[in-house]
Every structure is written in C-alpha cells, then in structure tokens.
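Note that the chains are named A, B and C in the order they appear, and that numbering of residues resets to 1 at the start of each chain.
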Amino acid sequence: MADELAIQARHLVKAFGTRRAVDDISLNVPRGAFLAIFGPNGAGKTTLLRMLATLSRPSSGTLAIEGVDAREHADQARDRIGLISHQPMVYPDLSAEENLLLYARLYGVADPEARVRELLDQVGLLHRRLDPVRTFSRGMTQRVAIARALVHDPDIVLLDEPYSGLDPHAVDVFDQLIDQIRPGHTFVMVSHDLRKGFSLCTHALVMARGHVVTADSKDALDFDAFERLYRETVGMGVA
Amino acid sequence: MADSQKKKRPVPEAGQWPDKLLVPVLVAGVVLTTVGFLMAFLYAAPVDGAEVNGFQLIGSKLVTHRQLLSQKIFYFHMPVAIVSFVMLIAAAYYAIRFLASKNQRYDTCSRVAMEISLLFVIGTMITGDLWTRFEWGVWWTWDPRLTTYLILMLIVIAYFVMRNSVDDPERRATYGAVISIIAFIDVPICMMVTRLIPTSIHPVVVRQNGMAPDMTITVMVCLVGMLCVAYGLYRLRFRTVRIEERVEALKEQLEEE
Amino acid sequence: MAQQNRQRLALKHPSTFAQYRTLLSKDLRQEFRTKEMVTSMGIFAVLVIIVYGAALALTAQSIDIASMSGGLIWALIVFTSLTGLNRSFSHEKEQGCLEGILLVPLDRSVIYLAKATSNFIFLALVEVIAVPLFMFFFMTTVPFAPTFGMIVWPLLLGTIGMAGVGTMLATITANTRSRDVLLAVLFIPLIYPLLYACVTATTAAILGSAQWMDLYTMPLVMAAGYDVIMLLACWVLYGFAVSA
C-alpha cells in the first residue's frame, strides 16, 4: 500500500505561536490521482501546498513524497515535485528558452537543449522561444510556467490557483495541456473554483481553518451534493 | 484519504519560577544602584583632571589638579553601557535558539531583550553625551565608544523598524533573529575598528592604567545593581507579553469550541 | 495504477559550482538585456556628484578637497550602492522567481553567493565609472600622490563587504513594506565599521603623506577582517532569511 502512495502526510502541522495555519492534517494521495483542495480564504490551503512543495517546513508531522522523507531528504523530494502557481516564476526579461534552460541546468537535466525544445513544442511556443517572456500574453506566460514546472519531469505536479488571471481561451489551452500530461503524474490542486476543480479531480478535500472538513474520492459524490456539502461545512467553519 | 483528530492544543505558558524572583531582583537592583550612586559621590575619591598652574586653593584644599566632578558620570555610564551589550548578547543567544527550534517563545525572549537593550543604549547615549559635554566641552565627538554606541542604537532601532514592516509573524521572527545575530557580530567589530585605527582628527582619550580599588568597588556595585534592574525589567516585560499571548490563545480556543 | 513504471527523465545533479555559474550568468544576462541596475546607479552617481558640486562650491582650496575626497568618494559609493541593491531583488520578486529557484534542489548559500557576486560586479562596474568622474570634477587641481593607485585595495575590499552584507539585507527587505527606506536604515549602521576603515585607507592613499602606511595598512586589515567575518555570518544565515 505505502509504495502506491505519491504523497503521504501524517499529522502535518504548521504553527507559529498559537496561530495554526495547518492543524494536524493527514493525507494519502495515491499515484495517478488528482486531488483538489477547496476552501475559503485563510483555510490554510496554500500553506498546506507550500509544505507539500517543500517551500515551507512543517512544524511537526511527517511528509513522504514518493516514499522519500521530505524533511530529511528535501533535495530528493524536490526532484519529484513541480509547482505551477498563479505567479509564473519566470524572468520576464529572459526569453522562454533561456528561462527553461536556466531551470533545466539547475535541475541537472541530461540534455537541456533537447529537453527544452521538446517542452516548448509541447506547449506550442516553439516559434516564440527567442522572445522575452515580457512580450507574452498572460496565457502564454502560463504555458511557459507549465513547461518550467515540468522541465525536470516531476512525478507530482502541484497547482496553486493556476487559473487566476487567465481568459477563457487560455483556460481551455491550460486544461488541454494538463490533460496531456495527466498520465503518469499525480496532481494536487488548490482552487477556489468548485466546478472547475471538481470536474478535474478524482479526490476532493475541503479545508476550513486549518482542518480537513470533508475528504472523499469523487466517485462517492456528485457535484450538486458536493457543492451542498461544501456550503454547509464551510459555512459552519466560518461561524 | 484524510483523517484529522482533535487534540488539546498547548497554550503559551506564563508565570514560571523566575517570575517569583522578579520583585526581589528589581528591588535589589534599585537598592544597589542607589547605593552605587551614593558611593560614587561619598566613597570614591575624586579623580584629577587637567593640571592647574602650580598649586591652587580649591574648596579649602591645596591641589595640583582640577578635581573632576563630571567624572562621577563614569560610574553610571560604564555599567549602563555594559548592561546594554549584555542584553544584546542575550538577544543574539535567543535568536540562535529561535532559528534552531522555530519556537515562538525564543523570538519573544529575543525581542524583549532587544527592547531592554534599547533602553540601556539610550541611557548610555545620554550619560555619554553628558560626559563629553563636561569633560571635553563639546556636545558630540566621534570618540570610538560613543560612535560604537551610536551605531548600536541605530541598529537596534532599525531592528524594530524592520519588525514593524513585516506582517507574517514567522517571517518577522526569522528576520529579527538574523538581524540581531548580525548586529551582535557587527558591534564588536565596530568597536575595534573605531579604536584601533589611528587618526589625527579624533581626540585621544587618555586613560589611567587601571582603576583605584574604591573606583572598582563603586563601579561593580553599580554594575550588579543595573544588571539586576535589567533582568527584572526583562522578566517583567517578558511576562506581560507572554500573558498577552496566553490570553489570545485561550480566547481562540474558546471560540473554536 | 498502470503508469507508475513510466520512464523517468534522468537527472544528474550538477555540482554546486555549476549551479552557481548558472545563477550568476542568469543575473548577468538579465542585466545585460535591461541595463536597469547599472543605468540607475550610474545616473544616481552623476546626480550625487552634481550635489557635491553645489555643496563644495566654496571650498576652492585644493588641499581641502584632497583630505575630504576619500570620504566623498565613499559617500558616493554608499548611496549609489543603496539604489542598486534595492533593485537587485525586484526581478526575483516580480514574478515569484525566487520561489522557483527555491523549488530546485540546491544549497541556499549558492543563491547567496551568486547574488552577492552579481551585485559585486555591478557595484564595481559603477565605481569604475563614478570614481574617475569624481576625480575629473573635483581633483584635477590636486597634485597626485605617488601612492594614489593604492586606493584600489580599499575600494575592492569595501565593495566586497557592501555587496555581501547588502545582498543579505536586500533579501530581507524585499519582503517588507517600505523596503527602500528599510534597506538604508539597516545597511548604513551595519557597514559603518567597513566604511570607516575604507575611508581612512582611501584618504591615506590619496594624501600619500610620509607616514601614510600607518594610516593605510591597519584599516585595510580591518576591512578584510570585516569582510571575512560578515560574509561568513551572512553565508550561514542566508538559508533562514531566504526561506522565511
């Protein structure tokens, strides 16, 4: 069972003083699953995702990424994780190719040039690879961000509100790309958008005030029931 | 796929045994400092200042030197300066412990120590400035010690300015810890640099080698007294902050239930 | 799960030095493209020189200028560095790039060393322009001491220290409100010892009096000591500051 899990978190806590952004959360994400994390602002979703991304150290609890202890061997865990955030994390004055080459070299990809071309082709930006990212539209920049997150071929892709600021067309393109890379990858997405997230996910989790209020595989739920459940639980959490 | 269980949350503790010492230490500190103050004027012998022309009758005594009343400031200036640096050491020590553990308690310790340090640094600046005014007849001089304490004061103020402009408490604490450690390293270097570099511009302070026993005793009494005062203030302030945190935590817990 | 045995891309971890080079060349390439830091620092340096022109209008005596020039050059350098250091993390923050770098398995101190090196290069570049400019405007009447060339060493040590400490502080202030002011408030007191040592050594070299060595060597040793201690401290503490 354990080696089937992409992410295994036990009693994760992120606390500072009395404030607990994430309060005792345990997660098992099987390989190939798509977990969507919902919740109101300040529920601790982003803090949880940052811990999964090894950007933030848990105050207590254990976290295993693909069977690797992420606290002891953060560098090994980092090789398996890609993060697509609402911020593209690319240098606007460098070209798309230079940005990807930078990350490919930092990760130590065997043949950086070939890998970068392959990715640029995949996200459909090969023809603009030499233009600075500053001249790109928001949607194109987000495509570069996808390529950036995948440059080291991670097993787990983390998505932090990836749709914010994208127009409908860019959202479609984004979804297609995610569909393409879906096989063989595990996804964890943090989102406000219930409908969107629910349509993509295989598992859903609702957080409020640092706790898990609902967690289930999607098979057990239809959207209306889920939405009702979300409103109830979150409403309760806010009171 | 996820499970979470309610557990009893720890609340910041406050009012441990050192708090019982608070009042006696504070009282002892005040008494010792007062005793030191009296000793400075009644016990310690006046120090000779500038030489006068031949013999002169001052205050029905025949002397060869002008007697320095302003020298009495020294008995307060030096202990205050030492205490402020001791508090800076404490702040840096707790900063290191904070970085190692990320325990908010140490951040509070470090911050409170910085606050007390600021208090004593300002005391140092005031007494130091009085000294320069009466001993050398100028309001300010770039004397190594004075410069170092001016820099120390600016760094401590900068530390609090920095804390005020960061919102996230953990980030604020981490940055505070980093700055207080750097400050602790920087201040002795500053002292050395300003002292060891020879310069023709700055007045050279001539010091007699060693102090007379009566002076040493007076200084020690003042020093111990002020250390007690500093410790008492530190505990008092720490206790207040800690209790505030405790109340905050209990409030939150009640809300949740 | 059918796909779990897919072919993974082979990753060969680059050496620390290779990562350092990659990060440094990224900074240099970016600056080469935008010329943002060097231009803003260069313009600022010229403006400071103009202010000096007004401030020193009545100090016609060349002897006055000679004994003040060390201090004036360093005041110019400190304020110019501040404008540059303030900009050095704006690119990293703008699109969340620093986070992207933190996601990569690399030692945090490599980020520090790369950034400090690029800041050093930009500061040195600006000094190469600003110091001769200062001399052109103010020091043409001053007879050159034979020891004049020795100002290179205090300039070098001072720039290393300022780039090192400045990079650390700029990382901290990049995440704060009112970051420009805060950087100055932290930077100037913390580099005061270095500044003091470098001004003394520079002035000694410019004046080149009979005992200039006394006033030159000791400050230089002090500046070197400051650089070593402070850079080590920043190097150790950087991981905490950048991940916070």
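Just so it is clear, a residue touches a chain if its C-beta (ideal position, glycine included) is under 8 Å from a C-beta of that chain, and two chains touch if they have at least 3 such contacts.
Because the structure is predicted, anything quoted here is derived from the model rather than measured.
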item: Innermost chain by mean C-alpha position; value: C
item: Of B-C and A-B, whichever chain pair has more C-beta contact pairs; value: B-C
item: Reference chain C; chain at largest CA-centroid distance; value: A
item: Centre-to-centre distance between chain C and chain A (centres being mean Cα positions), rounded to whole Å; value: 37
item: Euclidean distance of C-alpha centroids - chain B vs chain C, Å; value: 32
item: Euclidean distance of C-alpha centroids - chain A vs chain B, Å; value: 49
item: Per-residue multi-chain contacts in chain B, two or more chains; value: 170
item: Chain A, residues touching no fewer than two other chains; value: 30, 57
item: In chain C, residues with contacts to at least two other chains; value: none
item: For the chain B and chain A complex, residues of the former touching the latter; value: 1-5, 7, 9, 11-12, 102, 104, 169-170, 173, 245, 248-249, 252, 256
item: Contact set on chain A toward chain C in their complex; value: 4, 30-32, 53-57, 74-76, 78-79, 81-83, 85, 87-94, 98, 102-103, 105-110, 115, 132, 148, 152-153, 155, 183-184
item: Touch list for chain A against partner chain B, complex; value: 16-20, 23-30, 35, 57, 59, 203, 205, 209, 211-212, 215-217
item: Residues of chain C that touch chain B when the two form their complex; value: 165, 168, 172-173, 175-179, 182, 185-186, 188-190, 192-194, 196-197, 200, 214-215, 218-219, 222, 225-226, 229-230, 233-234, 237, 240-241, 244
item: In the complex, chain B residues that touch chain C; value: 99, 147, 151, 154-155, 157-158, 161-162, 165-167, 170-171, 174-175, 177-179, 181-183, 185-186, 189-190, 192-194, 196-199
